[in-house]
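The two complexes that follow have chain A in common; it is paired with chain B in the first and with chain C in the second.
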Partner chain A sequence: MTVIVSLGKFLGWIGFLTLFHSAYSTYEHLSYLKAVEKIPNEMPIEITVECLISIVIFAISIIMVAGPLKPILMKDEMTKKTIDKVDIRPNFNTFNHRCRSMRSLVN
Partner chain B sequence: MTTQNQASLYVSEKIVQNVKTITFIRSSMSAITGSAAGILGLTGYYGFIFYGITSLFTSFLIWSAKAQAKPGLYFRNGLDVWTEGVFGGLFSYVLFWTLLYGIVHVYD
Partner chain C sequence: MSPFYYKTAFETLQELRKSGERNPELVVTLGGKIIYEGYTGKLGDEVWSVYEQVFIAALDYRNDALAETCLERLEKKFPKSPRVKILTGMKLEAEDKLDEALELYDEILKNDDSNIATIKRRIAVFKAKGQDQRAIEALTHYLDAFYNDAETWLELSSLYLNYHLYQQAGFCLEELILLQPQNHLYHLKYAEILYTNDNITNINLALKEFCRVLELCEDHVRALYGVKLCTSRLLNLSSSSSIDFKTISDLNSLASERLSKVYSLYSKNKVGNSNNELRQIIHDWLNESDKSY
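Right after this comes the complex of A and B.
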């Protein structure tokens, strides 16, 4: 379980780096277009693809990091519990035990 | 079935825990897809269409990878896996969308 979580965190860092890189590439490209005085009409396909791939990487990492869903049916919950756990009730605890009468016998 | 019986049919702590897990996945994904939308420079309706597509993708991932295609085991209503937290995620999506759009495309 922990292996999956740490792998997911590692993937999350990769996704963050690719997302950051695509953001910086977009910024660079826009400032280049401004420097050569062209009108920015379309982004290069590499940046778009990198951005979309980083979304997929992030999705996989988040799925790995998030804990598993738990079955909510009481039926499934009860199969995991032992009868001692279900049956324990404070109402039937006995605090008077036989030691008191035994002591009078011994004396 | 009366409400009393239905309440004892489910374990409420597990329901809360599942909703928490789903909310974590949804809000992280909407923050990240919002950042991506801002980087891609989407404006207007295209951004909301992008949110619809990516949240459908997220729902499919939750349904297939987290709920093992049997959402009835983990949610009281099996359709919850597709709708839980979609509108809550929209707000963080718009937040990150505008933030990244502003950083990358507007200010230089």
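Right after this comes the complex of A and C.
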């Protein structure tokens, strides 16, 4: 299980690097266009593809890191409860039970 | 000496705090070790809740030294806190000084009229003194204002049940079902109170409630037994044809079938003669009760 988690974290880092690389390439491309004085309305397709690939890598890494799903239905949680657990009223507990006398015997 | 797994101890204490169950021996053992061997530093801010929890468990277990230690440290940290005053009041209750505890709680209530914990402790003192009438009055007064407090409705219903006031106890359970309709255990309690309060309308309603428990929690054995008891009582009671004979006897046989299924599954997982005996007894009883109709 932890192999998958660490692999997922590693992929997460790769995805982050890919995203950062595509963002920096966009910035560089825009400054190049500004330097050459062309209108910045077209992005080279490689940068777009790299951004989309980074999303896919992130998705895979998050699924790997997240771990096993926990049950969400109230029904599953409730079937495990016993009737003793329902009758707990901690705020109304009284202390005049037999332990009061019995402890002095034990001690 | 084996190492003290304090992390597991902290987690166990936290679980017990969350569920609210009363297990003083475990809490006092773990808490005593944590406090006397100096693991409190590793707790951080959680330490005050742990002190409170260990204090209450020490009162239950009559470990006065541990209770004193916890109370001292809490008082040093929170000098004028009403919550710590309530803990002092609990200590008086545990020492059987109930009137002084009552005075202390009344004093807190004079400053702050709606301190819920104090109101509840007052009710606990009335219960300890045996003044159930005053406890019931105080509970109804509190529930008029704070009607969505499930624990208090349960307390009131249990007080009514002590005096066999089944109709009033049923009313409390109805309020609980309104608050948490998906909790099958409230339906179960309600059904059992109705069945005990024995008349035709109640048994009909009890049957419906037992079926509701089965709907919410599949194959709940206690509810299956409840269905069997209700159906056999209805079939015995009704002299006229005011009930739907076919539906009720069908429910009866369905309950028997599910019960035998559950018990055969149960004994498949365990080995030993006692379980075979149990299965045999259940089968015989089911067959007997089915034969009468």
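The rule we apply is simple: the second predicted complex is superposed on the first by the 71 of 107 C-alpha atoms of A that agree within 3 Å, B and C clash if a C-alpha of one lies under 4 Å from a C-alpha of the other, contacts with A are read in each partner's own complex, and residues count from 1 in each chain.
In the analysis below, a residue touches a chain if its C-beta (ideal position, glycine included) is under 8 Å from a C-beta of that chain, and two chains touch if they have at least 3 such contacts.
Quick caveat, the model's predicted, so the values are computed rather than measured.
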item	value
Which of chain B and chain C A:2 touches, first, second, both or neither	neither
Contacts of A:79 with chain B and chain C, given as first, second, both or neither	second
Dominant toucher of chain A (residue count), chain B or chain C	B
Touching partner for A:99 - first (chain B), second (chain C), both, neither	second
Contacts of A:19 with chain B and chain C, given as first, second, both or neither	first
Partner chain(s) touched by A:71 [first = chain B, second = chain C, both, neither]	first
Touching partner for A:48 - first (chain B), second (chain C), both, neither	first
Chain B versus chain C as contact partner of A:34, first or second or both or neither	first
Which superposed partner A:90 touches (first chain B, second chain C, both, neither)	second
Footprint overlap on chain A, where chain B in one structure and chain C in the other make contact	74
Parts of chain B lying in touch with chain A, wherever the complex brings them together	8-11, 14-15, 17-18, 21, 24-25, 28-29, 32-33, 35-36, 39-41, 54, 57-58, 61-62, 65-67, 73-76, 100, 103-105, 108
Sites on chain A touched by chain C in the complex	74-75, 78-79, 81, 83, 85-97, 99-100, 103-104
Interface residues, chain C side, partner chain A - complex	19-22, 24, 56, 59-63, 90, 93-94, 96, 117, 120-121, 123-124, 127-128, 151-152, 154-155, 158, 182-186, 188-189, 216-218, 222
Residue ranges of chain A touching chain B (in the complex, touch as defined)	15, 19, 22-23, 26-27, 30-31, 34, 43, 47-48, 51-52, 54-55, 58-59, 62-63, 66-74, 76-77
